[in-house]
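Two complexes are shown next, each including chain A; its partner changes from chain B in the first to chain C in the second.
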Partner chain A sequence: MKTQSASQTNDDKTAMFRPAFEHMQASETLWRRFVELGLPARAQEAWHYADVGAFSRESWTMAAPADGAAARALLSELALDPATSLVLANGRVLDDNGVEPVAAAAAGALHAHSLATLNEALTPRAAVITIAAGEAKTLTVASLTLPAGDGEMAHPRIAIKVAAGARADLRLIFAGSAGKRYWSNPVVDITLGEGAEARLISVASEGEQALHTGVIAATVGKAARFASTELILGGRSIRRETLVDFIGEDGAAELAGAYLGGGETRIDVRSEVSHLVPRCRSRQLYRGVLDDKAFAAFQGRVYVAPHAQGTDAAQSTRSLLLQRTAEAAAKPELEIHADDVKCSHGATVGELDPDMLFYLEARGVPPAEARSMLVKAFIGEVLETISDESLRERNIDRVGRWMTGRGEGA
Partner chain B sequence: MTVMLEIKNLHATVDGREILNGINLTIRTGEVHAIMGPNGSGKSTLSYVLAGRDGYMPTQGSVTFLGRDLLALDPAERAAAGIFLGFQYPVEIPGISTMNFLRTALNAVRKARGEAELSAADFLKLVREKAKTLDMDPEMLKRSVNVGFSGGEKKRNEMLQMAMLQPRLAILDETDSGLDIDALKVVSHGINALRGPERSLLMITHYQRLLDYVVPDVVHVLAKGRIVKTGGKELALELEREGYAPYVGEAA
Partner chain C sequence: MTAANPHETLEQITGDYKYGFVTDIESELAPKGLNEDIIRFISAKKGEPAWLLDWRLKAYRIWLKMTEPSWAKVSYPDIDFQDIHYYAAPKTGKDGPKSLDEVDPELLATYEKLGIPLKERGILAGVAVDAVFDSVSVATTFKDKLQEAGVIFSSISEAVKEHPELVKKYLGSVVPYSDNFYATLNSAVFTDGTFVYVPKGVRCPMELSTYFRINEAKTGQFERTLIIADEGAYVSYLEGCTAPMRDENQLHAAVVELIALDDAEIKYSTVQNWYPGDKQGRGGIYNFVTKRGACRGRRSKISWTQVETGSAITWKYPSCILQGDHSVGEFYSVAVTNNYQQADTGTKMIHIGRNTRSTIVSKGISAGRGQNTYRGLVRMLSGAEGARNHTQCDSLLIGDACGAHTVPYIEVKNPTAQVEHEATTSKISDDQLFYCRQRGLSAEEAVALIVNGFCKDVMLHLPMEFAVEAQKLLGVSLEGSVG
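And then the complex of A and B:
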């Protein structure tokens, strides 16, 4: 059978990671779980569009602790202040700013996730951010991958616990060395207590040769609100996954993401929102911009459990192809077991509107700048979810620079 | 008076179909010309060819604007050179605020003309002042370009863009269509405000109504892609009385 042969191949490939487990003296229990899960394979629905070959294309070795000076140089390039940021370099805490790395097991939702298991095994001590009941905290987390050479991997792990009524504003940035073939496999595990609120703004801006496979797993308690906005614009092969489990009634999740790919970039964005209890509301808004021979897929899964009445779930995904050689795929997956449910989804793929381009040009805007304006407008809905104005502007500028890097825009 | 625009034997195709069949037209600096003609005669096509729209292919003839070969320039370069096209159907652009649109356009044009960009404060002052003369609510400028605007609001927005960009030659394609009488007066006022010895206007219209407010020096009749008659402002009244029927036949 197909699935069997797929897992067969992956069993073999997990052996490639044995030296890394031994090097890190990782737990045998996690090793067995990893082998049992196997490396992701296309035959698995959740990994259908993933660049699965990349995990076993080379024998990945663990990146050694990074050089602090190199990390600080990259931080300043990113205009981040080390004094106010939690900095992880090659998965290890470099500037803690009060955040202690402690041993922490991954949340249950991640137990069946092969790459999250790999992450947990190879980085047993997560950077844990705790926000006590009723408190509010804003924090920037930079996860940098600075390998000594090609073929090195890092498994950053961040656990965020937002207690009842607390509020977290977190900005995450994933970046790394330009020109090196590295693999960053970060896991962000976030738990929201009753009435808590967490807002995440993540930017994946890895080096142009990088493989990135990141997952955010949120466990949302009663009447809690989880909002996540992602901007994906750097890396050779990038998978970003957001998993949301509603475990208390009346919760809310707002997921937004914009992904931009040029060259031969491969982007795989996946979300899975599990409405396990009644009356939760989820919104998903994803926008992709693809140029050259880039490929991106969006796979959005919504699961509604039998008793999750009053669920309200909506999903919208749109892609813009700047050239016909680029490609976009969208696959909504709805699995609904309750009857009193509102669920909607919509997906479109299009090109820049020639009427809009001409209108801008006829007013004197040069063609490249006109294209850049329309691209920013296209992903505007996603960026507008960033309420902090200066942060929003910075991300709009990132998009502008991305366009300039493609030989477009001013 | 010096010649601002000279069109000689202009032919153009759209989708491989010849729409303009040898247009000859000379507009001198300071003049106001009107082009009238039945629907489908090629009025909008002429305006698009002059503005440089993709797909509107000049196949023969020449267009000289202020001594330059207009057809060799891209649309943005034409705008910088002083051409302004007022659209018959202004385009909606979700996600770009009218204000941002105006500022980007104005600064792009100024840069191309070798002028300094306007400061944010100077720009704001200018745009507010111009919006006021067009009876436009400044709140409207925060909304996406033309999105959710009424027909009249869209045309006022065209006039605002024209007032900001201060073109040498404005080509206004059916700026009067879809306007009630009050809006028509405001828009005409906007057009007249631009008139001056250094500027010229080419007004494209199906009806004579607008020409009561913006009085032309020369009126042309366009039929089947060719100018078939040229006269003074009284020609517009004649067309209003007698309709286009004689021209539809004649050019066949």
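And then the complex of A and C:
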């Protein structure tokens, strides 16, 4: 595919970010890379369904360090214990729990990503979590955006290094002030050494006016296992990307994602799994539920490099439309350059099965409850990938509350 | 022109283009390049009415502002659109081989394998038709039969003269002159093509084929086809043929428009086997085609079936606009890429009406260094109550240097619509080959057998005689890909 070069209009729009670069004393090299990449545009396949207008809708300024009390209030609202969590407020480490922000360059896979470049430039020091060889660690990371006013942005950067044979269990929560038009652009950069294992559970529950564009980039070493489950619940416009690069043989990745959109929410979920070496296995499972005038797109891409023989990649995406005004799009893409591979994908879009609804209603279940049950079951496929029972239940409750918040529905 | 091998032939021919034709036929040949005068020249040569010239000029002016599409997964050197002759009078065989003895033996061997009747081989190889066989009588009987049924089957230039009201009404109504880069270029410069009109309630008494029209006029590189099936009509149209055809033009940018009114059905089958370039990927046809059908009427149906084995680059997406309630769109495709061939092909199913249904079955086969991409769009608009789509995309890889890609777009704006997409990728396993070899099949026969099994779902939809030829063709196209 011919690449899109930065056009004049991109230059014009990137200029909006110049004051932020100057304010943060960001490197000129990154500025040049950002300008060259340009702001995302529809013509770029990876941004085909993105809300690209959102990036230039406000003249974004960097959010100042957040007020600790406000952050702690939001944490208690989220039922998180600040004593055991790593908290980032407006991109800065609030309660470090021994995590020091370190100057670190972003992973190579992110060099071609304009918003990750913006993140790297505007937050030069990442919160680095290191898990030493053979160790295991469980950690909750909360990334909060608490702007003083509209039009503020934060670029949290988290780097996770899981050494050979180590195990990481991480929960990530992205949340922020209700009612403010802020932009959170977090990048989670995770490296897995040989035989390492990492399980990520991320919940994006931003304020209802928020723009969120988050990336998780995983570099998976030899015989390492990476698992990521995402739940997208709130925000005005949310894009979540998961990029996986297999760099050692016999690696495995399991990606699961559930997204729930109501009101006029725009959701844009993208995954890109690059099988660069032989005998790696990837699984992708995505489920979306759209209500009101919500729109969601799922773009999943599996790339199999030449000679990455023995690749086994499967992908499944399904969306439910609860209202006539809701919309869904899907683009499950395969690019295969090796022959001894097993690759498949499946995609469906439809409404709640009227027969199933009837079955439940015939047994005395009120319509709203029946719908809620079916939606929970539909999303349940994704949430079942969470092995911790209490965490799984908490997330299923979140889906239930989301459905209740929808009211009686149609 | 004698040919040592077909590759040289093509190079010599493209060489001809570089240095121009001899002066004595200049009056029948527009100078190289494209401008409004050339378009006026083409239009005047064809004796076209003013509205058509205006239409061409409008297209040209829009084309000037357009850029070549770059989203397809194909790469090729830049095309110099000013280095092409946009009008040449139909070839009379003057510069072709004089007899079969002058034709490349390799080409003749291919005809032999495909079982093409002796008298037809000459036509395909470009031997002057009169020298081989006279098809006038055949053509006449068959024209009489169509006339009796009231079916209009003619070249588009003829139709412009004899049925201007029909052409004016439908031309560009499915693929507008501003549609896309290549379709717009075609609208400005199309030289000829086929026109079919099947009147109300008529079932066309025979399968129509471009093949019958081969010796009437070579349709050239900017072909335009317009097929209209009026209420309750049925027509089956075959395009191309299985034998590798001699062709002088490297760039092909055809447009096909189909219109089906209430209860009408159009079945459009293509077998495309143009010169794919040599084993090093030199030469070969660039096939940039826009094909689109409009199911305007209630319960109308358009079915595309294609077997694409030729061309260096294939860029085509036969599509259906399902406007009429209960209308049906189908797309069955086999695309083979071997050596350095690249294919980016698929379909678009746009569901507008209620209870519209579409089926997509795509089988891609990659061998050698071939790159094969399925690219498709299924769009359910908000009025597509109860609409259904099922898509099945399968890829078969032969060898570790080829590529198979799937890029489906699914867009749904109506909750009662159901869309399903499935894709798989596999290879011809050593076990399968061993099993066949053990039973006495050669490696090539085994590949042909397995590939034909893989493609069966599509082959079933080809007209009988076409299917038999296409099966042989698959085997021949993949020769040398295994072992």
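Structural remarks
As a working rule, the second predicted complex is superposed on the first by the 401 of 410 C-alpha atoms of A that agree within 3 Å, B and C clash if a C-alpha of one lies under 4 Å from a C-alpha of the other, contacts with A are read in each partner's own complex, and residues count from 1 in each chain.
Operating definition for what follows: contacts are C-beta pairs under 8 Å (C-beta built on N, C-alpha and C of every residue); 3 or more make two chains touch, one makes a residue touch a chain.
Quick caveat: nothing in here was measured; it's all calculated off a predicted structure.
A simple residue count on chain A separates chain B from chain C, and the partner touching more is C.
Look at A:Pro332: by the touch rule set out above, it reaches chain C but stays clear of chain B. Legend: residue contacts after superposition of the two complexes on their common chain; A:Pro306 is shown touching chain C, with no touch to chain B. Of the two partner chains, chain C is the only one that A:Glu45 touches; chain B does not reach it. When the two complexes are overlaid on their common chain A, residue A:Leu322 makes contact with chain C while staying clear of chain B.
After overlaying the two complexes on the shared chain, residue contacts for A:Gly346 are found with chain C alone; chain B is out of touch. Overlaid on A, the two complexes show chain B and chain C touching no common residue of chain A. Contact residues of chain B toward chain A in the complex are 51-54, 74-76, 78-80, 85, 87, 90-91, 93-96, 101, 104-106, 108-109, 112, 145, 161, 165. Per the touch definition, chain A reaches chain C in the complex via residues 1-2, 45, 306-307, 309, 319, 321-324, 326-351.
Interface residues of chain C facing chain A in the complex, by the touch rule stated above, are 70-73, 75, 380, 382, 395, 397-427. Of all residues in chain A, those touching chain B in their complex are 354-356, 358-367, 369-370, 373-374, 376-378, 380-381.
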